[in-house]
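Multiple structures are listed underneath, in structure tokens.
There are two complexes below, and they share chain A, which is joined by chain B in the first and by chain C in the second.
Let's turn to the complex of A and B:
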């Protein structure tokens, strides 16, 4: 019998877009809830957002099975951390842990594109953005996933973050208020959904601030 | 049996006597499936889960087996449906039998529900893909426990999710659009079966590996029932089916299928084969020839 399929691949891209925006005293993390494979929509309600600690929330797109394994790994590590230190991990600490966890699989990577958002020890918003093998950077806002090519330049245009080349280093948090940031996130997803077939169905927005964690949803185009 | 191919690894001299590497070089991996089953479709309905699949087992494009049960009960609360490699599915059933048996041996009155079984399957599938040795299946797991309906899927590489209705393979293309249109939370058993039959009929018409012998299974709080195999009523009388080559008439098949069995006989006869189920178009000339 002759071979009928293309060569087997351990990876798939299940699509989806993630955005995080840091403000002076809040952080907004958002992602759509569509999960696709090729031209199929597998489900319209799959959350890409994972609460890793009280003040650290991760949004991930890429290969769902790897993302799932990564989330479980981080949850297990965070449980150990809580037993050893009797406290929740801070967002910058979680950021380093995520980088190490990704790099640990450098030669058989997790095909996961993450943004980590949260509040640092001073209660200031922070966003960390990653590649699949663990390179990471602290920024004021970021986007990852299938719609990132549409979203990122729009955020650059709207938020005009100070150049990272400036000395002394400028604070990267955005000047927007919390509600302005949430509105901006809604706009960028509505726009990305127009052109990116892997983004749509529903938008899940998580807002972190001094008051705690708050979640809201917005419907997106389903085509 | 799954098609296995030994991977020849380029061994460098220093490692030639390394038994670990040698055993890896001899290892056998599934590179493509042998005997496969096509779509499975499943939905939630008022009292539980309904699942449908046909009983075909294809060997490439040959319909090799026609009585393969691809829906099986697992434990007390779950129902498993599989498409893809049949032998891998049977291996998975052995894993699950062991899982359920060992869980039962605790004798604590607890039992694994559909959520737990689905989670287990997810880990097995993902673990095997990590070893580059996948179980070549798409699995659907449905069940009811403590009043909670559960319906989920796992793929060959470990991608997994839950939904109100799911389908594997061609079902994703042909059945899910119908389900998205017509499915609702309060489907009765009868309406659920009707909906699944509508999906299976479309698959039968358009998926060449689908066959007209299927089973529908039901799982509720009361337990599992898998139906006896049965067929769907079909209608092939559409003019496009009757005469598919109209407007693109060739010449070869009139020659092949209409023969003169006896040279003395003037009348053309259809050969005693079952091949020409589709009647040839009668051009006036041919009709005259036949009636002569």
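Let's turn to the complex of A and C:
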């Protein structure tokens, strides 16, 4: 008698793509707004971007129920931190917190693929990329989600981050200006929308810089 | 691991202004081990028709031998070269003959048809043709190739421009795929000449 397999999964994949790019004094975080399940579209106007702290913004694709639970956890922990330290968490600190929170559920993971973007304590852009169980790395740019395999090679080509193994360590942030980086993000999502069925509808772009947070939207193909 | 991912491959064909380019990686592997770094995936059928075969290498070689045989027979009987559209239909028919025991290959066909109009197409392993006006991709790196080509392609590129674009798209995409890489092989074909170039990329 063959082993009985579960015909119900606690997970679902709501699709979508996220991108983050770090600049010298800014950080761009972007994600599409389509939420799907299988071949159906559940909504065209779902935000995958969440502001965790003044200088830390997270974009997550994957199973949005788990993403919401994760965001709630992080918000609670951040509030506690603010009470205890009388200040907001810095982006690298939030990055470590996110990693620990994800690994806490190592044996029943959050099905969430995250990119965290923000400004470090020197005001430079920083981007952290994660897997579902909390393995993370600070990088110059990253993408996650259903369109990530389409987007990453083009970002590699345009942003040419130096290897993290080089000595002396070279800066991973891009020399591009803020508007050039935003244009790059728009191009990249237009391309991903063409070939990935789970990416489309609208693009939400969040830019963090010394002046604060700025949000803009761009229409994408709806098919 | 899927049988299509046993050897590893990456193929692109792109249309330009009265020209086309077809490019491939050069790695031949057996799962994780690299066996050869100069493997030929693109074959010339005649001066204006090229065939790239991705997927299982043994099936790619056998398929190529069968197709070259059929084309030579066609040349003897018709006293002329096959048109790209005709060749595509031939490949499709040969693949579908093996519908219930297929060749594990995904071909990419590129040629210059009547009035030097570039023609590209790809098909799945059982011969379903996909004609495209801009570019076609195949291989283990296909998702990355789709992304890179979609972002970099512009219509009506001159041969030199087309070479640059297809090379950048190929190299950036195979750098994100462990089963393809070890350089590139690019053919840029215009009505008057065929330019073959080898690319040096990340050798891993």
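The rule we apply is simple: the second predicted complex is superposed on the first by the 217 of 223 C-alpha atoms of A that agree within 3 Å, B and C clash if a C-alpha of one lies under 4 Å from a C-alpha of the other, contacts with A are read in each partner's own complex, and residues count from 1 in each chain.
In this text, a residue touches a chain if its C-beta (ideal position, glycine included) is under 8 Å from a C-beta of that chain, and two chains touch if they have at least 3 such contacts.
Given the structure is predicted, the values throughout are model-derived calculations rather than measurements.
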Superposition on chain A - do chain B and chain C clash or fit: fit
Dominant toucher of chain A (residue count), chain B or chain C: B
Which of chain B and chain C A:195 touches, first, second, both or neither: second
Touched partner set for A:219, first chain B, second chain C, both or neither: neither
Contacts of A:42 with chain B and chain C, given as first, second, both or neither: first
Touching partner for A:65 - first (chain B), second (chain C), both, neither: first
Chain B versus chain C as contact partner of A:152, first or second or both or neither: second
First (chain B), second (chain C), both or neither touched by A:183: neither
Vertex chain A; arms to chain B and chain C (CA centroids, nearest 10 degrees): 90
First, second, both or neither for A:171, with chain B first and chain C second: neither
Lowest inter-chain C-alpha distance for chain C and chain B in the superposed arrangement, angstrom: 27
Doubly contacted residues of chain A, that is, touched by chain B and again by chain C: none
Parts of chain C lying in touch with chain A, wherever the complex brings them together: 143-148, 150-152, 168-169, 172-173, 175-176
Chain A residues touching chain C - in the complex, by the definition given at the top: 147, 149-154, 156-157, 187-188, 191-192, 194-195
Chain B contact footprint on chain A (complex, rising order): 1-5, 7-12, 14, 35, 37, 40, 42-43, 45-46, 63-65, 68-69, 108
Residues of chain B that touch chain A when the two form their complex: 3, 30-32, 34, 59-60, 122, 126, 129-130, 132, 134, 153, 155, 157-163, 172-173
